[in-house]
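As structure tokens, here come the structures.
Two complexes, one shared chain (chain A), two partners (chain B, chain C).
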Partner chain A sequence: MEIYLFLQALLNGLLLGGLFIVLTIGLNLITGVLKIINFGHGDLIMLAMYITYWLYVYTAYSPLVMMPTTAIIMGFVGLIIYMLLIKPILRASDIEQLLGTLGLGVFLQGLAQVLWKSDYRLAKIYAGSIVIGNIYISIIQLIVFVISLVASILLYIYLMRTVKGVIIRATAQDPDMSSLLGVNIRNVHLIVFFLSFLFIGLTGALLLSMFPAYPTTGIEYGILAWLIMVIGGLGSVLGSFIGGILIGVVYSIFATYYSVELARALIFVAFILTIALRPTGLLGASARV
Partner chain B sequence: MTQLLKRINLDHITPLILLGGLSILPWIYYHDYVVHLIILSLMYAVISITWTLLGLTGAASLGHSAYFGLGAYFTIFSLKYWGLVSYLAIPIAILVSSAVAIMIGYITFRFGIAGIYFALTTIAFAEILRELFIYYREFTGGSLGVFVSPISSIGYFFYDSKIPYYYTLIILLLILYIYLMFSRQASKFLKILSAIGEDISTAASIGINILKYRLYAFLWGAIFTSLMGWFYVHYLRYVTPDVGFGLGLSVYVALLSIVANLRLPYILIASLILTPVGEVLRAVVGYQFAGLDVLVYGLLLMILVVVRALRKR
Partner chain C sequence: MINNRGLAKIGILNIILIILVIVFAALAGIFAYNYYTITPPAAITVTIPKTIPYTIPYTVTQTQYITPTITPTTPVTPLTTPPLITYPEIKIKIGLLFPLTGALAPLGTDQFYGTKIAIDIVNDLFGGVLGRYKIEYVVADAASDPTKAASEAERLITVEKVNIIVGTYASPLLLAASEVAERYKVVYYEVGAITDSATLRGFKYLLRNMPIGGDFGIVSCLFVHDVVAPMLGKKPEELRVAIIHEDGPYGTSVAKSNEETCKKLGLNIVLKEAYSATTTDLSGLIIKLKAASPDVLLHTGYFSDVVLFFRQAQELGFKVKVIIGHGAGYGLPATYQALGKAFDYVFNIDPPSPWLNVNAIKDPVMRQIREEFIKRFNATRGYLPGTHAYMGLHILPLLLDILPRAITKYGSISSDAIMAAAWETDIPEGGTEHGYGVKFASPTNPQDTILGQKYREKPQLHIGQNIRAYPVVLQWIGGRVIVVYPDYLALQKPIIPLPPGHPLAPSS
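Up next is the complex of A and B:
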């Protein structure tokens, strides 16, 4: 019995980790290539959740079916945000970027509350679960896990194997040098922003298929994404994979054996230890994508 | 005396005139809600002023609400469980939050955690405290928060009227402003903090002990913020983990400071304008457009940062 409980916790952690990867990857791209401190990430995910919900209400298709639409809408939202907010503050100091994007987050929270009220909006999909031995696997969690893993791996292949991907990585490493070699930095920024917001839209749709949307839900996701990114390594896509799975498993096991609050506190402690002892994260600098 | 006069300019006098005006306001015109709004504005001003001291050194703490929460919760513990009078709860609140501030400050500044990482670490600390305060729910009331029943007797800071609260804050702000603006010691302190903020390596090279001064600034923030936590509990008589340790308060005091362009005299003005606007928006159009105040704050923060960045180019 004991071993089943442990395996169940481990499995839940893995499934959660898959979601954490996709949650972090959009943030990671922006941070890695544009060197922008984006504190509005969580609230952008909240916006994506609401857009999915809105599509769900008007078309009656499930969040997972509407996922590509949400992703593309969010992609264009990303371009607008880049033009209006990010471009002017590209060369500002870290703190100013932080406060500006935080302002965006707070603005979106207010907007969501004005437009959609503070009620919980639920579009949860009930799909039962598979039972193997004494272990329950929720089907919807499994689907979400597979989608997020496939999307993340596709992004990884895109970055590593295509010419555009090489250009993006080169820009991340040395913007001035790439500019000298004829890379149009602005186009790279736009592509990265679009890609990153595709992932934000994807995350929003996936989250809505399991959790409710409400105006302040993004705060938690934003903080979580930042923690995972810092633990995995700033701007390292591979770091997101490892950080996401690691945090998911540790969180799930602690929440099973002790309590949810202590598990969350533990993640923050892990984060502070990472910053103090290994500021580059698990896969910083040397393994940067 | 002449030297003192030379250093005085309009900036220094504005908050004093404002506070003087506010102190005679209830004699001329009294309205409960107006006084309530001013009390809230003054409270946020105190927190924001002491937040700015660290902000001047180029470190933005976004976990500032942690001290507010610690001050508020330990005041309630002192009153409810330990049977202490209000005024004995002050040293407890201050000691606890100072201890936490020294710990956080030492860990962060010692390891050279700066900029964005500092902001994240302070958020992480506030979140850890929040989770712990929710976890020990038999003592803290969990996520619903905890109430305190007012006791009106000697040694307790509970009043039915708002006037004592109002004047307490005005006197506190007057002392704070007079000390920070006119004392030689404080003026040196502020100059050193700005020097660290402008160029940290130059400041270090001329022999300024960065760790020491950042810790001092951090400690100032912790002490006054926990004092405001103590005040809040006596004024509104409850606290929840979201009020005490949430991101909202931290972001709001940062916003006030940014609006005032990190200049101490203007923070009071910013708070006196923004806090009532926010509260009134919430109260008046809150029916149809709840969240409009949050929207306005966010928009303001974005516009300020973008305008600052554009002007610099």
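Up next is the complex of A and C:
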């Protein structure tokens, strides 16, 4: 194949990486700081997609314009979910957390089914691209990539360079000790939840400008987010970023030169290898958060 | 321990909060849903042509296709029924089993409404079966899950005591539910699922009035060979054909018959590739397609993946002259709403839509039913019926031909009487609203469909399959799926290649 096809595949991989990252950010924060196993992540994205959709229907603004609104609404949804569901299971065992959040996901699927039926809900698809020579760059995927890049960098700076970030990380490492030192654990958790749901809202709005919303749409996103996060390193922002890009590029090149069908299986192979060989993920425990 | 609230502390306040949130969400959702249904944002408004001013303008010889022998027929069932000496006391109760929730629901719901409206029409306009037996129906939700479909079938039979189950739109649901019906010796009448294998299992109580999946792949290749190649000014062997499909049983089986038939017809297949229907990225596939530069793309996919394909194909500058889909995502109004212009002039293989050459329907009663159906469906759902909703009318031979014969000739609607009546059904071409006739392959004479007998490498031996049913080629034009092939069913001439200005049309 010609060289431009290779470049195109590489570029597609990068952009796809952006999508993978944006799926993972919200999950990452919750996992990293609260040590909660959140299996409802995909369905929360689904909820955000529906919120964006209804905003789009009522206001007729594109999902991208509605992104901040969705993000803030989801932020408050996050606070409610924290108070109702997460607080009681914070110190519970992994299994109980898993079941709790999985239950949340099933509940949300059922709720969406009852309220909005299972019709596919989709904003008008926008399919513009920038053409440079023979290379095509999808505008919407470029936006996703830039947003995931900026969000990751901001989050990283926030966690590593600000006092709040230090407190959050300290809480993540040892909640009891931080509490003894005067940190209000509940407030830290609320901030983290608000932040991560902000990102989930953002993700939902971005996804709705590319994919349809329907009650079971979150399952695939949830699985993908978990795979990328485990490969990148549980709860590591930088790890997911690198992991997302890496998986995206490998996926794209493999799909282009070998098999589209097997490319998806490749992610799972990477997942299994990570679990077997390096359970802490690419950027192991040392670089966590 | 500090700040350890543990599991147990769920205060009364929290419980009230939970309830409040649920109630609020429910109210908001119901309000939102109602609001939405009153003013759908992207309703397609098209006028329904009353008469067909069209005479077939193109002179492609279609030696490959079925040439129907249309004999003048009397109406299938006259509106006034002949008097009988004694009418048995019969209650007709039909179980409607469709996926109304879950992943398969968008099209399943459409088909359910199609079937329901068909029954309503028979009840309202004909006064029921034979003009005197009103048809009752019970609705069951197969929930897009074979296990649920089977248990619902069981409930319909044992609890609701239905005489017949009608379903199911999706093949996995049909396979599971018909097995239950067969065990209880209850007639299972399929109007929408296409998998070949359903009627290859030797079941004695299964009837299917629906083209089979294996024929979809045959028809698209015939269309490419008979119509596309001449219209593009190329010899069939010069035409570059690419086949892409989702990797489930549906996509794989269609793609297999695509490959078989196209090879047999001497077409040049330049790429065949599968992908997962739940994928979030198809850019790799599209780069491959660009490298293969096909003239014709044969695609089999569901909704999300078809939308994804069209978006990324536009973004990555993929150009092609003809796109032919095989049902599912390609037959869905939602796909057109999502993609708009990019989906115009795309072809789809499916049973005939309501937008066919009405003159091909020889039976005036059937023409009347078609018009009534369009009117009622539009009133109920707020949009014009597509192919999947129209498939609901596949139930008509059961209500207007099989059941009347079972009652008048065999005196009951026991499963055996219905099946005996079904084996005698012989509706000629032009005798149904879909254009094709009805003849079920019986256990004494299992046979392949008419298309299959002609083109399949190894003929399949179906029992209970309507061998006269066949899919046709439809084209999306202005939000409607219009029949364009074969000639005698065609409402208008196909538009080939994609016209300039179409996002996927080659610029030259």
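Here is the rule we go by: the second predicted complex is superposed on the first by the 282 of 289 C-alpha atoms of A that agree within 3 Å, B and C clash if a C-alpha of one lies under 4 Å from a C-alpha of the other, contacts with A are read in each partner's own complex, and residues count from 1 in each chain.
Rule of thumb we're sticking to: contacts are C-beta pairs under 8 Å (C-beta built on N, C-alpha and C of every residue); 3 or more make two chains touch, one makes a residue touch a chain.
Please read these numbers as outputs of a predicted model, since none were measured by experiment.
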item	value
Overlay on chain A: chain C relative to chain B, clash or fit	clash
Which of chain B and chain C A:88 touches, first, second, both or neither	both
A:175 touches, of chain B and chain C: first, second, both or neither?	second
Which superposed partner A:98 touches (first chain B, second chain C, both, neither)	first
Which superposed partner A:19 touches (first chain B, second chain C, both, neither)	second
Chain B versus chain C as contact partner of A:72, first or second or both or neither	neither
Chain B versus chain C as contact partner of A:256, first or second or both or neither	second
Chain B versus chain C as contact partner of A:279, first or second or both or neither	first
First, second, both or neither for A:138, with chain B first and chain C second	second
First, second, both or neither for A:118, with chain B first and chain C second	both
Contact breadth on chain A, by residue count: chain C or chain B	C
Common interface positions of chain A, toward chain B and toward chain C	84, 88-89, 91-92, 96, 111, 113-114, 117-118, 215, 259, 261, 264
Residue ranges of chain B in contact with chain A within the complex	58, 60, 107, 111, 113, 115-117, 119-121, 123-125, 127-128, 131-132, 134-135, 247, 251, 254, 258, 289-306, 308-310, 312-313
Touch list for chain C against partner chain A, complex	1-7, 9-10, 14, 17-18, 21, 25-26, 29-30, 32-33, 35-36, 41-42, 100-103, 105-106, 109, 247, 273-276, 278-285, 287-288, 290-291, 303-304, 307-308, 310-312, 314-317, 332, 334, 337-340, 342, 503
In the complex, chain A residues that touch chain C	1-2, 5, 8-9, 12, 16, 19, 54, 57-58, 60, 80, 83-84, 87-92, 96, 111, 113-120, 122, 124-125, 127-129, 131, 136, 138-141, 175-176, 179-180, 185-186, 210-212, 214-217, 220-221, 224, 251-256, 259-261, 263-264
Chain B partner contacts - residues on chain A that touch it in the complex	37, 84-85, 88-89, 91-100, 102-114, 117-118, 215, 219, 223, 226-227, 230, 259, 261-262, 264-265, 268-269, 271-272, 275-276, 279
